[in-house]
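These are the structures, in structure tokens.
Next come two complexes, and both contain chain A; in the first it sits with chain B, in the second with chain C.
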Partner chain A sequence: MDSDPLLPVPISYIAGSYFLFSIDAVTYLRREHHICGVLSGTLPQIPQQNVFLGLPLKLMPEEARLLVEKGVACIVDEVKAQKEGMRALREADRQKYLRELESQGAHAMRLQTSRKEQQREEALRKVEAKKAAAAAAAAKKTTANVGSGEEQPASAHPDDAADEQNNQNQTSRRASTTSNSTTSVIAAPYGTTMGITPATSHPPLPYAPSAAQRLPAPAVPASYPLFARLHADGYYLSPGLRFGCQYLAYPGDPLRFHSHFLVVAADWDEELDLMAVVAGGRLGTGVKKGFLIGGAEQVDDADSVRTFSVEWAGM
Partner chain B sequence: MADADEAAIHLPSQDASAHIEIDLSDETQDFRMLSNISFLTDGSQASIPKRGEKDFEPNPTLYQADILSASRQAMHHALSHPRIHHPKNQIVGVYAPDGPAPPPQRTTTSVGGLESIAEGSGPAPAEPSPTTITTIGNVHPDACVYVANPKSNLFKTIGQADRWNRIWLLPEEALFMLERGSLNIRWPRSEVGFDEEEMDGNGVEDSGIPMSLQAAYAAFASRGGLNSERFSVYTGLRRLGYTITRAPGWDDDAEDTTGDDESTCNENARQQGGGAGLVGIYSRFINWLCPPSTNTALGPVAGVGFHRSYDDIYSKLSIIPWYDPTATPKAERSRAQAPYRVVFHVYKPSTPFKKSAPPAPDFRIAVVNARAHTSVPTMSQLGALLESTPLDPPSSEKMSRQMYMRLRHGYRNVILAVVDEGVVSYLRISEAAFGKEKLYKQKALGNKIQHRPKPKGR
Partner chain C sequence: MTSPILPSALTTLISSFTRETSPSSNPSPTHKPTQHQTLSANPQTTALTLQVLHNLQHQQLWTSLQIHELHSGPSAAAADTTDQTQKTHLISGIPPHRLYTHPDEQFYLLERGLREEDLELERMFVLPTVQGQTWSLRRLAGVFDALPEGQDTEGLEGEEGEERAGNVGMENENSNSGSGSSKADNLKEYYEYRKQARMTKEWGGKRMLLAMVDRQMGGDSTVVYYVVQDGAVKPRQN
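== the complex of A and B ==
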């Protein structure tokens, strides 16, 4: 289905956040490394809604750090990389890139025109079918009325068949013209190619950043050991402020499962307010999740993390 | 009572559908639901799919694995949908990394020659002088993309025109339009390694090389005060159909102006004093005749003397001072500090919006990064933020009847958008004036007050 990206995957650092722009990287990291991030872009096919969002994928600093530590990804100073990369483009690179885009655009245009044709033909066929049905019904009526039989429907049918054949001929003719023109220019009514806004800058720019464009691993909050531990245990984690916690822990891919825990990190010797525990416990129970609190015994050691879940017993 | 407690806990889960409106964007939705919409028959994308069923936990069945992989496949498919522009209606913008600038001259000119040529060119409506180089109409200095063929409904609420009929876009506007596939932004020649000889001469800035989404984020997302939190809020509200513009508080050093007009304040103050008509005259007369004693240090709280009505007694009993939000603010206001500043003005889709003369906004939004500011804002931060908004008293007809609606609406309000790594929560903060709601006066209207508003279920 999808091709795996080359490792390490470059993560773009822009405006204080970590972004992924490549769909292959997004699917790969989700499938293989349980990193979901938050989709933050607009889907061009349905731009006026907030339920389904698109690229880019925004990663929490914890997620980016985890990937860097695993050696799966590296952080790129994208602003610098773009500026330097584009300025350094040569004439030949530009021409090649433009040609590439043009062929993609032509392909998109072909697809769309043929799809439109198909739709049009389908619609036409439907109209024809309706007409034929109406004609048949009318014919039946007349036969019922007049009583002189079979001729009319019989005469209607060959027409129909001929029409269909015509249609098919047309489609095949069109198909042949389009297939002929794949290599050369297509005679579309407006220009020849679609303009394309690519998602990534990889084709003109190199995939792997130069050493000067790389950034060190992201700074992470004190809750990172807990994050790393839960992630290692197979949980999918996502930011949880909307549910009143630090992370939401999902037992599997959030596409298919509801989250089980509201996660809040604490320092090992931190004094907890009992109210916070009760509030968290009730909140979790209210949304059918467990309230999970945890922290590392030794600083920055994910192995020493212990976790506790609080549930409202409701005796 | 324990039972009541239990009921309260279970209530939301039992009739969740009845009471709580499920916000689909709260949780990750199954992208398979998305493929149910047919994009091909455009225009009829009327409804967003319903919430899909999810499983409780993973199990090793092949069945579950299949569904999951189908979901991921659907997601992959949806996310790889290309942004293509039909040549007939493609809108092309050009990135201007140095901010708004007049269009380049047709021929190579020295600085001295610029003037004479501009004078000679008839169609250019610009006054040819050095000042036109810097001010090219009322375009925001942060604008960085111009569009020469602005043919889209989106431009009704987006962008500012210069005097050459080009529309200039702010970074967030350009990024939003590119992201939704409505705009094709090109790199300028100066940024993509054109040589000097290639650059001058024809006066064309457009290099023909489109900016990718990635490049656009790199170029715009941190430009002119924009950051990823602000952009999340901007684009999220735009997607929902709101019109959203920058507020004066956008820049950290800018003076935050309020639309606070004194007239409304005075009007409110006038309404406070006494009743109207004959009753008012009478009560004022009585007050003048025997002023209610103010000495409460000794004797009963209500004071000694004549009390003509319960209202007098109650008003004497209210000895705890309260804050009146309608009172004219102190001369020296504390300045709202970032991030607790209004950065966006938001208009409902139903509000008629004119770019040249934007009406008073329906909402004012301050954007807070939850990672950088982990605690609830302090009273002084909130106070300064609220003071920077104009007075918005509960004035509608419905609210004049219902006290709880008045309390909830408050006298000033602002919306905090708290962004946690791309997930935005909106909180409305309003300044309620409990002191202004004189319950005893309401009783006096008649023994039977209008229906008691039912306490809203969450």
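== the complex of A and C ==
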């Protein structure tokens, strides 16, 4: 898998939000830069779906800003890029792209059919094995009965065996008919292709945006220095609304770790309501997390950020 | 709310009462009267500080309590030019049992078969606050900067030493009854390592308790305590 995308990764700015459409970019940024974002794509048929979401990945402005400052990504005015890209697209390119899609679809179809084939063979082998085992058991039983010389059960047995044989024949026949039908069904779509919907638009459109399509670094809330500092300290940050805070700080990948902190940012001279600190401390302790409050001493300087963690003292 | 309020009549009564009948359970009774004289005599000590002090002394059963006046650092002074009269007081004392153990420290103790009861009790600082008081990160940082490094105060060194000596004596008695010689070694090892951990902040940096008094909205004079630590210190898993 060629999973490392070309840098800088284009982040699409659409209607006030920052999105990533390429799965390679998403995995790369998560793996190398601890940026998780939030998956936000639903199935077209189930727009109210709220679990198991897929691409595109939505980034917080802080995440987008951080990536831009690191030089890993750039912000693209996606609407403009799409319009200009489509206008610049020539007929030959279009045809080529369509052919490309078709061949991808055919490839996907081939993969699917071959997998189905494999599964079918697997299933048949299992049936075969079961049949053989049953036959062997029946044979053993009859020989054993004959050996012991018990008349009545022995007389009953051949019927059973015959029934079994019938059953087996039927099942095998059924299996063969179903397999026949499936093969005939599968055979039909050979040559046809699956409909492919690529997540990204940069096979026909250029990958790197032109200078006119680039946007400046995203505007970020005042909590950005704290975000940058925690990120630099190796924490994975995600939006914290679910836990009643600004960010959730995970000590490692959120798939592997529980979060350590409920993070709330404040300006250096901002008046803190002590009740909010107590509430945060209590809430955090209740879910086995710390409540972390912090801010930058010098404005917009991540190095001057100081943080304080609060936990219930238990007395 | 933050202006220095003189001790109420009740507060004065309580403090004078406890001074007369100082409990004998205190490990260093000689210190006690002097402390309380300073407490009640100093008009700068706010009612809030005394309320928290009393809660610590009588409800939480802390010992060797002291009040410290905070000399606000240059950063804090710059911000609080408007209310120069406002002084921050800190209370320090020794809790009846260990209040906070860093998760890694706990692991270290478990590995060596040590229990929290085996360790000497440590002096902790308490910051009295009242609901409705406004704080800022600057002020909080100022308080933390004023805290002594490694939780040890120079002025309290002698007392701390006494405390340590007393505890060690107890441990020796314990170890005579059981197979505790290895335990004493473990303890020594632990104290050595703790010194190191304090330098590297492996088990967290400076910490103190934030005491908040409920005085508004039909305040029932509840005092709640929160452990506040400097820096991102991973939470306990209790």
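One rule holds for everything that comes next: the second predicted complex is superposed on the first by the 255 of 315 C-alpha atoms of A that agree within 3 Å, B and C clash if a C-alpha of one lies under 4 Å from a C-alpha of the other, contacts with A are read in each partner's own complex, and residues count from 1 in each chain.
Basically, a contact is a pair of C-beta atoms (placed from the backbone, for glycine too) under 8 Å apart; a residue touches a chain by one contact, two chains touch by 3 or more.
Since we're looking at a predicted model, the values are computed, not measured.
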Partner chain in contact with A:249 - chain B first, chain C second, else both or neither: second
Touched partner set for A:4, first chain B, second chain C, both or neither: neither
Touched chain A residues, chain B compared with chain C: B
First, second, both or neither for A:38, with chain B first and chain C second: first
First (chain B), second (chain C), both or neither touched by A:268: second
First, second, both or neither for A:260, with chain B first and chain C second: both
Which superposed partner A:69 touches (first chain B, second chain C, both, neither): neither
First (chain B), second (chain C), both or neither touched by A:288: both
Which superposed partner A:303 touches (first chain B, second chain C, both, neither): neither
First (chain B), second (chain C), both or neither touched by A:313: second
Residues on chain A lying within both footprints (that of chain B and that of chain C): 251, 260, 285, 288, 312, 314-315
Of all residues in chain A, those that touch chain C in their complex: 230, 233, 235, 249, 251, 260-261, 266-275, 277-278, 281, 284-285, 288-290, 292-295, 297, 306-315
Of chain B, residues touching chain A in the complex: 2, 5-6, 9, 12-13, 24-31, 34, 37, 39-41, 45, 48, 54-58, 64, 67-68, 71-73, 75-76, 78-88, 90, 92, 176, 178-182, 184-185, 187, 191-193, 207-215, 217-219, 221-222, 226-228, 231-232, 235-236, 239-241, 370-371, 418, 420-423, 425
Chain A-facing residues of chain C, complex: 60, 79, 95, 99-100, 129-138, 140-141, 144, 209-210, 212, 224-238
For the chain A and chain B complex, residues of the former touching the latter: 1-2, 12, 14-17, 19, 21, 23, 26-27, 30-31, 36-52, 54-56, 58, 60-61, 78-79, 81-83, 86-90, 94, 97-98, 101, 105, 108-109, 112, 115, 119, 189-201, 204, 221, 238-242, 251-260, 282, 285-288, 312, 314-315
